[in-house]
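The chains carry the letters A, B, C, D and E, assigned in the order they are written, with residues numbered from 1 in each.
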């Protein structure tokens, strides 16, 4: 996002990076966002005035696989961060691309899931379960998509950059975001999919 | 002072935080194993342990990702404070709100 | 003042204006086509204005080095767009919109490229100028479009193959990505071009698969579910129905908004209501007001709660017409799923007609439990 | 009375400065229909007993703070004194000044706790009444309770009738948006939330009419959504119950009222039910508000003239003089006057006719067809029926027979 | 002065090959250049300077204050007499909804954000906030949100569901106009401003303090605003969720509050008040901070019990999360919830009381100078005490069931928000005006302003206590003579008094506006340190230079500036002056930093913020427009990401023959 300048002796008061502090604050704030969406779902999941119930349409084997995929993308992401700390640009680009592809696989799975559910009779306005399920998982999917776009853009910017490791902090920041999206899915997977109504 | 641009100083001071590649892979494997265990609850009847075990596994996975992949274990404590205060606030507030809907009690 | 570029755009905008007038007169007023054409007109005029403004300070001298100007893709794209546009006027609106998007995109690119090439004598500088203006839009658009196509294709493949094959191919695809990533990481000697190559091949493969998947359509069980609406019927009999009773819900989270909790305990059906200290056999429900009953089964066999919705005014839907409580097999009733002992389910009902309009009272019953019935009185 | 006024005096800054004569004036306050400081039943009394000391303590603390600030302003005004010592505070003082209010609040908290649970009791209920809010009126239905002589559901609106000295429990809900039921003299408010059933204890000590108002913002005519609770002695209540369940009396043939009945059957019965009313062919006339109004219900007009109000208690059915006569009646005489209902001499013809002529003009409602797209053309509130003046004459004559 | 200095290393790179200048048309590059000017209208549009952004926040908020005030006056005119005819029911409902929305979201919050933006970097000795471009983006979001919310007035009617927007009354059936859609989307956009602002200011406070300034040496204003930012950080996402649910319900047919589908409308109330109660502290704490600055300055004495004030502020912020359901005591939560929240509400009265005690004791034994700022501060103590105590009366839940949704509550929160928040902000205006504009506001007009406001406010809101206890509910577009009662407490009389009071109050505000004009036209410059102030923001010129401080001061004390001016006599314990403000400043200037790099202005925050209202309009009217808005947002984000924080050399000048700039000064 910005070029490195080391002109000033004025180091931050805590010795920490502004961007990183900001990112953690943002993630703390996001907890409340997803908390609200998850709570809404939890409250309404048993209210099926019409259409299928959660257990009738959930495809646990498939969702397990897609959880696994997202988990592995966290691994590749952390490898990218690790490479960035070693100023290994090739590794960074490689792992970022891998992460983005795994993320895309996950989103592809979600598109599949939504289409399948829709065909089985669960629309956005079908029941409270439908409204809250699509809202929650849709928000998560949008977060993943934003993450993928950031990853790809970072790869593109990184390729143009001539200074190796210049984007290492950006890699770390996107990494934090990506892991956060992953841990939200860890919660969704358990609370939404595995615990039956 | 140019802001948004302090990463240079940061990296020099905290070069060696985090784990080795092998460490990350081990963590990921543990996470995968827990996920497999979670999924097994769908096929095998855990009886009364079902709910608590799922919750515990979820929390363990959560904490592992946060601590190792997101480096909270190795990083400055202030990040943990910021993140966990948001998290605990969310849990507290929403659990309280849900309980007013008789979520936890019949 | 007027040079080739500005003349071109002025001419084009004049043409668009002519088309717009013709469209409004001959086709229809205020339709999407009219809006689109006015947008095209506005855009072209704007482009012409920008060209004029930018060239204002330019002297008449042409760049000395003609080699500065490279080959350009944009004229061709513009033509493709115009073809789409015309096609759209004849065939379908979607092509028309697509055509507009393509034409506008191509013209914008063309314009910026043309302008940047005459900006200065330094090709690098010119290129960087072009990039600064266009990269912010090129990057996201290409990334979004590319990703969107790949993701969508992937989902089409998944929809076409069977459930288990889907899960397997899903994990195979992910593992492949992971493995190839690991391979490249372990073998630093492999060329970046190879990475890109594999990515492109993978993408093309997925898109091809997607097209094939789209051709095949939905897999059989999904197609059947979509056609028959498996979960949209409520079958309220004693026996278990194939779809409606599959994997019954056993728990509620929201328990605070029940008008009554209806319990089947020791073969007795009774309603526990806020404000009444003893279980009731008669519930007064206000008219046209959605009431929620929570049914709790304490009977060892699986039971369901059935609410009769009366027979008032044949033909008039007793419940909300948005299909919440469909009437099944000629009987106007709705019900919960068959639930095992200890489980609970909610049932939301709206009684639009009062009891006096019925020949039989509204009741809550449990099929298979004789003699137990709660009357719902709607005054 | 005196104590109450004393404490309420501490509320405003202006009243802090109020003199003794103001206090005298204050204790003269009469006919304050929604005064929250004049409990007329044990539930409101319980609240009052709690809030009086709290207001008193709050007032005293307020005076102390104001006095301290005032003293500091007067004493430490800059009169050229030197810049004071830069002291940063005295922790002991701070802690004690923190602990004292905490202790006061702890005491208040204990009593609050008790009152909350006492006011939430439902196990000692003697009479249950269902209350349903709707834009912008209240429907009361009395479920079958044989011990009160209620053998079939009674349905009414505008005025809640309850026996004195009885622990009445309201089961509140709503048909559309959230409303709130509040009779200040009898208890605090409780929201009527659609889909949920909330309870509210009411108990009146003496016969009389207690006014209230919807206090949860509920849309256009929120201000016009009023209610009245009418407390009757046990004997009078029994009479009221009996009359409400009495059979429908069709007006005599050939009267204006009989013509009014047919107007009613043509127009009003589309939404308004009158129990026992029969069509010309002898079938029961059953209203179908669900086909015409969004909320699916309209006030039941059976025994309309036993009530004192109409249109969500926005208007009185009684002329002002007759109304005052009822409202200000002595406890002993009240029941009889109230049960007398509305007769022709007392009928507030002007408001009733204006209402029948063009309801949305006198009470804001969503009756404009242009705005009804979201409700599939269904009204929210009573539309303008376009009745002729002679139809209105007939209808008024008919409505007067509904007693 | 090289404020926006081009980074030195860039100058050394021969960027361009030599080319004849004639062939390089300068205008073409003009279209692509980054904005660098620090004067002129463009410098405001594209600025990233926290002071300019703070002033823009302030000016916009003041405009919305006038709008909201006019709405309030209309409301009071309507209610002056029974059966008021000034407004019809529909318009009245829009009016009170928008009055509350405007005052809360478009006046008090952004005004506090303006002060925070302007003064936090100054108070902690920083040159700007941590993320200047995000800061600019926040302001434009707030403006965009405010415009979207108010746009509804002209497009079919504003929101009419009350600022609390309870479901299901906010559903499409019950509010068929688009007002609530505009409201929800506008708040969503304004929420982005609060969220980004919160992250920005927290990072600034944590990371950019002057050397030596530990957390417990920070001025109280900075402290309390930081608490506020934490509240916003965690509260905004909750309202975001609620607003999304509402928008999805209204625009896309979701069922979240549809009772016929089994929904529970109380879900909205919980989400709204989980946000809404912390929001109350968001509104009041900045004013507490301002007063905690003003009182010590005009008492010539440090704040009494600084750590207690700081920790009680933090305690309020923390406990503030556990009391939201006291807005719902009458909602039917059940006795257990009510009891728990009732006690929690009482608990929060304690730290609030601590503040009152500390302010009073700060004045105790001081040398009180009654400037207008001080008058407002003392006014806050007294008026807020009244509001706080009436608050305690309805922390008692049973008592609250008699009071909630009556005018008693209106009285309570106006004493808290007007007597508290607004008086605090006015104290801030008078106190900091010379710092922001280099001129003192007229004290005579200030005095008129204060007294009219105090009298007007008590006349307006005092009688509302009576109205409420006499049972007049809120949000009624008319009241009727029939229920007015008789005697001293009849509501007819007090309604009239309140309406007259609102006109007096308006006059008071008018004096302030006149004062602004008079001051702006006056030629008298304010002295460097007009109030004998205590904190760092006064250790720079009036108004501050673009880079705030020539050299960042080293902080040794709380109230550093005061301690540079005065020293304690070891014998008498009185203070004696050792330096004037001018001398302190001159000392700083002598040690001026040779290289000061400030971030460059940027187009992207504005472009990005323009995209959001376009999306909002698209959600309401047409998906195509939303897609266009989406592209604007994408474009701006990428433009932003590809742009360095500091402009490169070619942005400043035309590419010239020798690859060097003609001049480096753009200040």
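Note that contacts are C-beta pairs under 8 Å (C-beta built on N, C-alpha and C of every residue); 3 or more make two chains touch, one makes a residue touch a chain.
These numbers were taken from a predicted model, which means no experiment stands behind them.
Under the contact definition, chain A and chain E share the contacting chains B, C.
Common partners of chain B and chain E, by the touch rule above, are A, C.
Between the interfaces C-D and A-C, more contacting C-beta pairs are found at A-C.
Core chain by CA centroid proximity to the global CA centroid: E.
Centroids built from CA atoms put chain D at 52 Å from chain A. Spacing of chain B relative to chain C, judged by their CA centroids, is 31 angstrom.
Between chain C and chain E the centroid-to-centroid distance comes to 39 Å (mean Cα coordinates, whole Å).
Among all residues of chain D, those that touch two or more other chains are 193-196, 198. Annotation for chain B: residues 1-5, 78, 86, 89-90, 93, 97-98, 100-101, 103 touch two or more other chains.
Shared interface positions of chain C, i.e. residues touching 2 or more other chains, are given as 139-140, 144, 253-254, 256-257, 290, 292, 324, 346, 348, 350.
Under the touch rule stated earlier, the contacting chain pairs are A-B, A-C, A-E, B-C, B-E, C-D, C-E, D-E.
Within the complex formed with chain B, the residues of chain C that make contact are 253-256, 344.
Contact residues on chain E toward chain D in their complex (touch as defined above): 88-90, 93, 161-162, 166, 168-169, 172-176, 259, 262-266, 299-308, 330-332, 334-335, 338-339, 342-343, 346-347, 349-350, 353-354, 356-358, 360-361, 363-370, 378, 381-383, 385-386, 389-390, 392-393, 396-406, 411, 458-459, 462-463, 465-466, 468-479, 482-483, 485-490, 558-559, 562, 566, 568, 573-575. Chain D meets chain C in the complex at residues 122-123, 125, 128, 130, 132, 139, 141, 143-144, 153, 155, 169, 171, 173-175, 193-199, 273, 275, 284, 286, 288-291, 295-297, 300. Contact residues of chain A toward chain E in the complex are 1-3, 5, 7-8, 10, 12-14, 16, 18, 21-22, 25-26, 28-33, 36-37, 40, 43-44, 47, 49-50, 124-125, 127-128, 130-132, 135, 153, 157. Of all residues in chain C, only 256-259, 273-277, 282, 284, 286-292, 313, 316, 350, 352-354, 356-357, 377, 379 touch chain D in the complex they form.
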